[in-house]
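One structure, as structure tokens, below. Some questions next.
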Amino acid sequence: MTSLTLYLLLAALIFAAGLALAVTRRNAILVLAGVELMLNAANLNFLAFWRFGQHPEALIGFLFVMFSIAIAAAEAAIGLALILAVFRQSHTINIDQIEQLKG
Amino acid sequence: MNLSFLIPAIILLVGAAAANTLRNLVHCVLALTLAFAGFALLYFGLGAEFLGLVQLLVYVGAVAILIAFTVLLTGGGTAGEQTVLSPRWLQGFLLAGAMFLLLGYGISKSRFTAHAATSVRSYPVSLIGDALITSYALPLEMLGVLLTVATIGGVVLAIREPRQASQSVKVDQ
Amino acid sequence: MLGGGILKGLAVTARNVVEGFVSKERLTTVQYPEERVPQVEATRDFPFLVFDGEDPMAGLRCVACQICEKECPPKCIYIDKSSDKKPDATGKPQFYPARFDIDISVCMSCQICVEVCPFEAIKMDVEFELSTNDRFGGLLYDKHKLAKSNEYYNHVHPTEAAAVDTKLAVERAKAAARAAAATQPKPAAVSPAPESGAQA
Amino acid sequence: MSSIQIADQIFVLLKHWLVGRVPVSLQPVVGILITVIPIICVFPALFAITTILERKGLGRIQNRYGPNRTGPFGILQPLADGVKALTKEDIIPANADKVVHFFAPVVLVMLVFLAYAVLPMGRNMAAVDLDCGVLFFFAIGSGTEVAVFMAGWSSRNKYALLGAMRAIAQMISYEIPLILSAVAAIMIAGTLNLQQIVTQQAGYSGIFPHWYVFTPWGFAAFLLFIISATAESNRSPFDLPEGESEIIAGYYIEYSGFKFALFFLGEYLGMFSISAIAITLFLGGWAAPFSFLTWVPSWLWFFAKLVTMILCFIWVRGTLPRLRQDQLMNFAWKFMLPMALVVLTSAACWRYTEGWQRWAISFLVVIIPYSWLGHGMMSNRKLEQRKYRFAE
């Protein structure tokens, strides 16, 4: 078992944890948090492949993670603003109760 | 397996597990913050100091706080959410476990050739800067545009419509 | 220019600091136990009993008339009238307070007792460092503690005490003259003398 | 090695000598301990000195004496305060979230101390010579927001929560101009390493040093940095999060005894570290202010500058009244942020021009938007005699 495999397994575990968080919780904020956790796990994969890859000096995985973090920040800001807007509209953020669009 | 992997990994797993099992929303957010910090430590261990610090700055300093703010603004700071063991939890954890088993199976079956696994050398920041404004200039600019749009979008979404109350006051006068 | 006001404010505070070290007038704080502000003459806090002569108990002007006890708004004065009479400073037999207590933890320094006293027996003190470990007994003053000499009164409130002294001297001279007049024509009234003294 | 050099490097030499005494296997651990323990001792001591200095200084500003009863001239006051804080009962509110309530001050102090790892306190005197030291400092500094949030939320007190919300909003808002004005210096220095930023400012022309604060963009960036640093460390006039008169010490409100002392310590240590960063970025770090004073040891210069900065903070605290929340936010987003971007432009102009033009251009690039913005901010402030509707 190499270090790379260890990192990948850890990332897989965190990804699964993020998935569990996103699936089990009914609170929209925690669903978003689970998505963030999964994103981070993916970042960890990129970074591990960069580190143990053939050309770390090309910085490909590194820069990918950097852009990913920036995009995740934007995503979190927009997502939370959306949650706030929804909360103001329907006074709940339980995703089971937000069903106005149900036909 | 060395300490630079083990300690962050434990922090990370504890944080993720706590975020999954704790009932109080704010506790979940704090556990999530711990997990984010664990990621930053892992990045340090991987020799990506710069990214680890960016992770701290963005996730711990901004995203976690943002999530906490939203929790408080939506009134979730006081009440526990639901019981830990419900059918939905069971389903969710079964799904996640299946996901992990699938990924783990894939990883264990793959043949990776790990290079430079032992010598962890951090790259100078100037190298990153050079790469960002030469070969990655376009993504960087697009990212700037994206962040600007996101800022404006966030403001537009979260801003309150001006209240009607001020008009009625004027009528009174 | 934006920020000019901040610079002006900084200059003011800097001047405060520097001048505080240069001139003593800048620092208005009085370093209390070492330095004291001189008390003005009209200072008053709690009442005391004036006595004439050497012996505090013998010379108390108080005749235990209990007016102050009745007038005291917070009811902090407690007087037991004596059953016998003793000669006062002028030699006349008078009642005297067997017990005269003031609870100065209750006293509100209103000076009403002083104003109602017909005998100039109770006056306001200037002593303010009265802190004690015993909050009940330590602040309940009996007549031994309350008795202070006329000289002390003259010392703390010179003008007021001088006026009181001259008034008392005139009254006593009148009383003496009346007493002298009364001794010659035998049947004249002895009783009006204390009354006139009381009304004066 | 001359005696001047020995005096300059005395702590470094001492550390090497001490580390050389112990067995080789223990050397890394001992080396770390010898680096960390002085930091943990010196800066809290400086905190103790600062509290008495602040109280006496504020007193003098307000024409008072300040504390002068404990020991000669009151210099034992910090000791008395410390004993009082340590012996006080530690009260935890019944409704508080006990775990989070306990960890909030711990996290705060830990993060604040962590920031000291990269500060160069003298030539070769940084605990860690990190390649991206400035980024490390700001990343760690942003973590303190979490501690503030924990303190405010776990107390279950509306004032604590209000104070924490205010503090976080303020810290996030002022972090942007703080980092942007630091970026101006980083851009000119061309490095994120704090030691190298100091060496970039090392030269002298005549007797005057090449510090960034003596350039037009550097001066503006320094002012922006200091204003943001004041807000970031929650000091007056930006002390809304703990406004005593309105929200009763904010997120500290439910803390007593030693935990309160920890918060207090954390706040002051944050101020010191951010002053140290300002010194490093703009005031030449441990370099001497005049070329003929270079014989004075570098660490002495660092601490002299640090104490000067602290005195300036005290001076400002004694002068300016507290802002209102809307004024605070308007100032951050409508003045500080645009000015930080302008300063960045000015620094870029400085970077790519030569001779006297660079002075003229970068000066104009700063001063024109400044007067413009200043005029805009002042124009809607009509200062006139206040009218009282009911009092007259």
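Lettered A, B, C and D in written order, each chain numbered from 1.
Everything that follows uses one rule, which is that a residue touches a chain if its C-beta (ideal position, glycine included) is under 8 Å from a C-beta of that chain, and two chains touch if they have at least 3 such contacts.
Treat the numbers as computed from the prediction; the structure is a model and nothing was measured.
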{"item": "Gap in Å, rounded to a whole number, between the CA centres of chain C and chain A", "value": "83"}
{"item": "CA centroid of chain B to CA centroid of chain D, Å", "value": "28"}
{"item": "Averaged-CA centre spacing for the pair chain C and chain B, given as whole angstrom", "value": "77"}
{"item": "Between chain D and chain A, distance of the C-alpha-averaged centres to the nearest whole Å", "value": "34"}
{"item": "Residues of chain C whose C-beta touches two or more other chains", "value": "none"}
{"item": "For chain D, residues that touch 2 or more chains besides their own", "value": "none"}
{"item": "Touch-based graph of the chains, sorted into line, ring, star, complete or other", "value": "line"}
{"item": "All chain pairs that touch each other", "value": "A-B, B-D, C-D"}
{"item": "Touch list for chain D against partner chain C, complex", "value": "57, 60-65, 315-316, 318-320, 370-371, 373-375, 377-378"}
{"item": "For the chain C and chain D complex, residues of the former touching the latter", "value": "1-3, 6, 9-10, 12-14, 16-17, 20-21, 26-29, 31"}
{"item": "Chain B residues within the chain A interface of the complex", "value": "1, 5, 9, 12-13, 16-17, 19-20, 25, 28-29, 32, 35-36, 39, 42-43, 46-48, 51, 54-55, 58-59, 62-63, 66-67, 69-71, 73-74, 76, 81-82, 88-89, 91-93, 95-97, 99-100, 103-104, 107-108, 112, 114-117, 120, 123, 127-128, 131-132, 136, 139, 143, 146-147, 150-151, 153-155, 157-158, 160"}
{"item": "Complex contact set, residues of chain B against chain D", "value": "24, 26-27, 30, 33, 37, 49-50, 53-54, 56-57, 60-62, 64-65, 68-69, 72, 77, 122, 124-126"}
{"item": "Residues of chain D touching chain B in the complex", "value": "97, 100, 130-132, 135-136, 138-140, 142-143, 145-146, 149-150, 153, 161, 165, 168, 172, 175, 190-192"}
